[in-house]
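What follows are several structures.
Same chain, two partners: chain A is paired with chain B first, then with chain C.
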Partner chain A sequence: MLFCLISKSYANENIDERVKKLTLELRCMTCQNQSIYDSDAEFSNNIKKIIRDKFEKGENETDIKKFLVQRYGEYILFRPLINYNNSFLWVFPFILLVFGLFFIVIKSRKNKA
Partner chain B sequence: MSSLIGFLSLVFAIGINFYLLISKYIFKFKNLPFYLFIRLSSLLTLLSFFALMYAYIVSDFSNYNVFQNSHSNKPLIYKIAGTWGNHEGSMLLWMTVLSIYSFFFSFTKNIEDSFKRSTLLIQAFIHIMFGLFVVLTSNPFLVNSIFVEEGLGLNPILQDPGLAVHPPILYAGYVGYSIVFSISIAGLFQNRDDEWLHVAKKWSLISWTFLTGGIALGSYWAYYELGWGGWWFWDPVENVSLMPWIAGLALVHSLMMIRGEQALIRWIVFLSILCFSLSVFGTFLVRSGILTSVHSFAADSSRGIFILLIFFIITGFGFLVFLLKEPKKSYSLKLLLINKASALVINNILMVIATLTILLGTIYPIIIEVLNNKRISVGGPYFNSTVIPIMIPGFLLMSVAPILSWQTNKIKNSKLYVLAFIFLSVAVLIQSFYLTFNTWGFIGILIGSWIILASIIAIFFSYKTKLNIKFFQIINPHVAHIGVGIAIIGITCSSVLKSEFEFNLNEGDKFEIYDTKILFKKIETKNEINFQSLRAKFLFDLGNKEIKEIQAGKNYYPVSKMITSEAGILHQWYRDIYFILGDQKNDQWFVKVLINPFVSFIWLGVLIMIYSGLIAVTRR
Partner chain C sequence: MKKIIILTPLIILFIISAFLIIYLLSDKNPNQPPSALLNKDVPNFESKSLYDENKIIKIENIKNKKILINFFASWCAPCKIEHPLLFEIKERYPDLYILGFNHKDKASDGINYLKKDGDPYNFVGVDSDGLIALEFGVFGLPETFLINENGKIIYKILGPITKDILKNEIEPLL
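This part shows the complex of A and B:
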């Protein structure tokens, strides 16, 4: 059933939605902490146009992101890439979760004894 | 003149606190009128603040700060708000709030004298540090070296009633944690029993309630003033206020455990230190200009370094005491799967993890820039995909936690709850297929409505005989959780089910959104006191001959040469229709319309949380 849902949502995803999804995660470089999707600045409108063209040409999200990062730097991505530099950023919450779990298990064991 | 009075009284206030501190540890005067001096110092700080406010009200441009940040043709409310609409004034406000807290704390009864004094001495110490900061690096009372007749004006985006009251209320929350910090440090220092926990609980509830109000005002302002259609952007400055809020929430919950006779005192002390450290750290991040945002008025590295120093002193001092001193009394913790204590502990851990994750995400770009000179962004998508999943088990626990027992792992009426949950999940699942199915939407609505339902069942069972204040105090935790549930539904719906429309319109055009008929009546321009406004008027035909008008547009502020956008919002209880006026092209106006479902639920939920914060303060 889950598979059905996923394939259904992929079929429905037309170019408008793909542009929206991507531009929501990109920073408008000339605004203050606003996404390209929400912004009406000239910069954002240009990028929206570029992304639409690229989608129409059949490029996928990863390619477009790569292109944008090459041009503007990683600063444009609101969702940081998962790479060596950012590994700590992404792993840290999970380390904390594991620690928290340990803490609870140890504490409740002590209680039983 | 008023500037001189302000400056002198500030210096005197710092001097008195300094005197109190050294007289305690060096001269050891016995019969010092200690409380009198503390109150005097508080009142002098307040006087200093009012002196600055007076300079703003009468537009005294011989004060450099007033000249930089005010203008004589502003409405009175913004002249007053101008006092804290800049770096120097806002730091003075910070100190004023600190003094007010010390002032009221000096009147607390039911605690021992020596304990109260130590707490106030720590407050005095904080006062001195920030006092030196204000006097040495951010003096709002500097004299303007040239004679001028007019000021440079306040940032127009700050000229809004919601934003005028936002800083004082937010600061009342932030700085309130100083008292909690001082109480728990004093408690450790003096090897106290646990009676200070009750005092700490009251003050942390007060701070948390103010902080909630302050954050809500800020985000409501962002919603209608920025004109981006959203109300939370994971902006660094928003994160900075959210961190002490979540940590404070954990603190309030862990203080609730006194009632079950199993408080984790060390953990409580840790959270108190964490809350205040985060507040000071927030002040540092915002005021140092490291973050660029509406809030950072001026970038000046000497200020940043000074606050960083204060931050290290406070945090270092706090955690040092925390490590060296053991609390005298320790409770035994009874963790079972699953009783109230373990639910509270798990929730506390999750909240601290969420806080630390937000902290890391907020400072990570700074770290990376320092390390390899690369700029990255950590924005909404990161926080949404880390913080929200962390919080979800917490939300699930929250729905049942108030009915769990302290001692055993039995749940009263557990069958009823299981049945209710199954029934509700099916109902939400069916309902969500009528709308377009969305996984996050489904989870959010299910959790939100489940929290509400479980809390209502719990209230129903605790209903005994009379509706008096006691009853409201007993059901208060459930009420607070209902507020959270309502807010979760609002947050989920407004972000997942949001829809958008774009139009190019001429004056007089009619158009439809879903079933609502709308008329674009006309464009109007006006000259107000300190700005020019451009407004597009829209008429809504809501049926039954009910017609409503809203205006969306832009303001132009000639003094600062800035344009701000003013969203027009039609509030209905189940949705907001949000209008943003764009530019004119070929005689047609570009209009963007957002339908934000259930936004009002967010504000309603927050109001309920504030209400139950207030009720909780009254409970002993």
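This part shows the complex of A and C:
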């Protein structure tokens, strides 16, 4: 009996942690730049409940994100998905870095000369 | 001259970035986030009538019609603003099927609201637990969707329909 209670409370804590981790990555659609975790808006509370139910049913983070993106769009994610549509967004900082390094190398060579 | 050649890639990069940022931010309104369901099939739903729980509506029952789906509630103040315009739409487009979903509301409150302000809907479904709204990605009331004869969502408006929105955005699609 005690073992059951302890394991149930551990499972709840584990789900709480997973809900927290996921909801920190999700945007509250009705708030100004606030995560669902930090928001007490009705929308956020509903999503927290949905996520908790889904974790309890055994769904994983990826499935839940997919479920939410299908309905609310990628806008609900603070971090854009890595896919073809967002490829430029992800690659652009590296392009900037390459250009920056190129510029620094040229400049330092010139200074040495 | 050499300096200009060295700086050219950076200048080009800067110009490309500026155009990209302008393109990405154009027509973006933070109060109207893009809908993930636009140009996609209308989600499946089944709902009881607000007036008679023995009457049920399913998407299959209203296929091949243009449908205006409006999520509303008696507690929603902006819904009251757009309510008279729904009558205007009904009068001007009698073939349009107007489906209302009474969202997260007490049935008695929903019925009283429609008795008092009038009922412009062909059918009023109940969405007391918000699950139908979840399928439509609704996150604020009112929200309105226009579905074409092929069952695709062709338009979505978050917030109340106004005369301007009706004239410039909805009517061209009807």
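Basically, the second predicted complex is superposed on the first by the 96 of 113 C-alpha atoms of A that agree within 3 Å, B and C clash if a C-alpha of one lies under 4 Å from a C-alpha of the other, contacts with A are read in each partner's own complex, and residues count from 1 in each chain.
Simple rule for what comes next: a residue touches a chain if its C-beta (ideal position, glycine included) is under 8 Å from a C-beta of that chain, and two chains touch if they have at least 3 such contacts.
Computed from a predicted structure; not experimentally measured.
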Query raised in the report: Can A:Phe102 be said to touch chain B (first), chain C (second), both, or neither?
Result: second
Query raised in the report: Of the two partner chains, chain B (first) and chain C (second), which one does A:Pro93 touch, if any: first, second, both, or neither?
Result: first
Query raised in the report: Once the shared chain is lined up, is A:Phe43 touching chain B (first), chain C (second), both, or neither of them?
Result: second
Query raised in the report: Of chain B and chain C, which one contacts the greater number of residues in chain A?
Result: B
Requested in this report: Return first, second, both or neither, reflecting whether A:Arg71 touches chain B, chain C, both chains, or no partner chain.
Outcome: second
Query raised in the report: Does the superposition put A:Met29 against chain B (first), chain C (second), both, or neither?
Result: second
Requested in this report: Go through the superposed model and pick first if A:Asn85 touches only chain B, second if only chain C, both, or neither.
Outcome: first
Report task. Name the residues of chain A shared by its contacts with chain B and its contacts with chain C. Result -> 73-75, 88, 92, 96, 103, 107
**Report entry** chain B-facing residues of chain A, complex
**Finding:** 5, 24-25, 27, 32-35, 38, 40, 73-80, 85-86, 88-89, 92-93, 96-97, 100, 103-104, 107-108, 111
**Report entry** Of chain C, residues touching chain A in the complex
**Finding:** 6, 9-10, 13, 17, 20, 33-37, 130, 134-137, 139-140
Query raised in the report: Which of the residues in chain A end up touching chain C in this complex?
Result: 29-30, 43, 46, 50, 69-75, 88, 92, 95-96, 99, 102-103, 106-107
Report summary line: Touching chain A in the complex, chain B uses residues 228-230, 233, 235-236, 292-294, 333-337, 342, 345-346, 349-350, 353, 356-357, 360-361, 364, 368, 372, 374-382, 385-386, 390, 437, 582
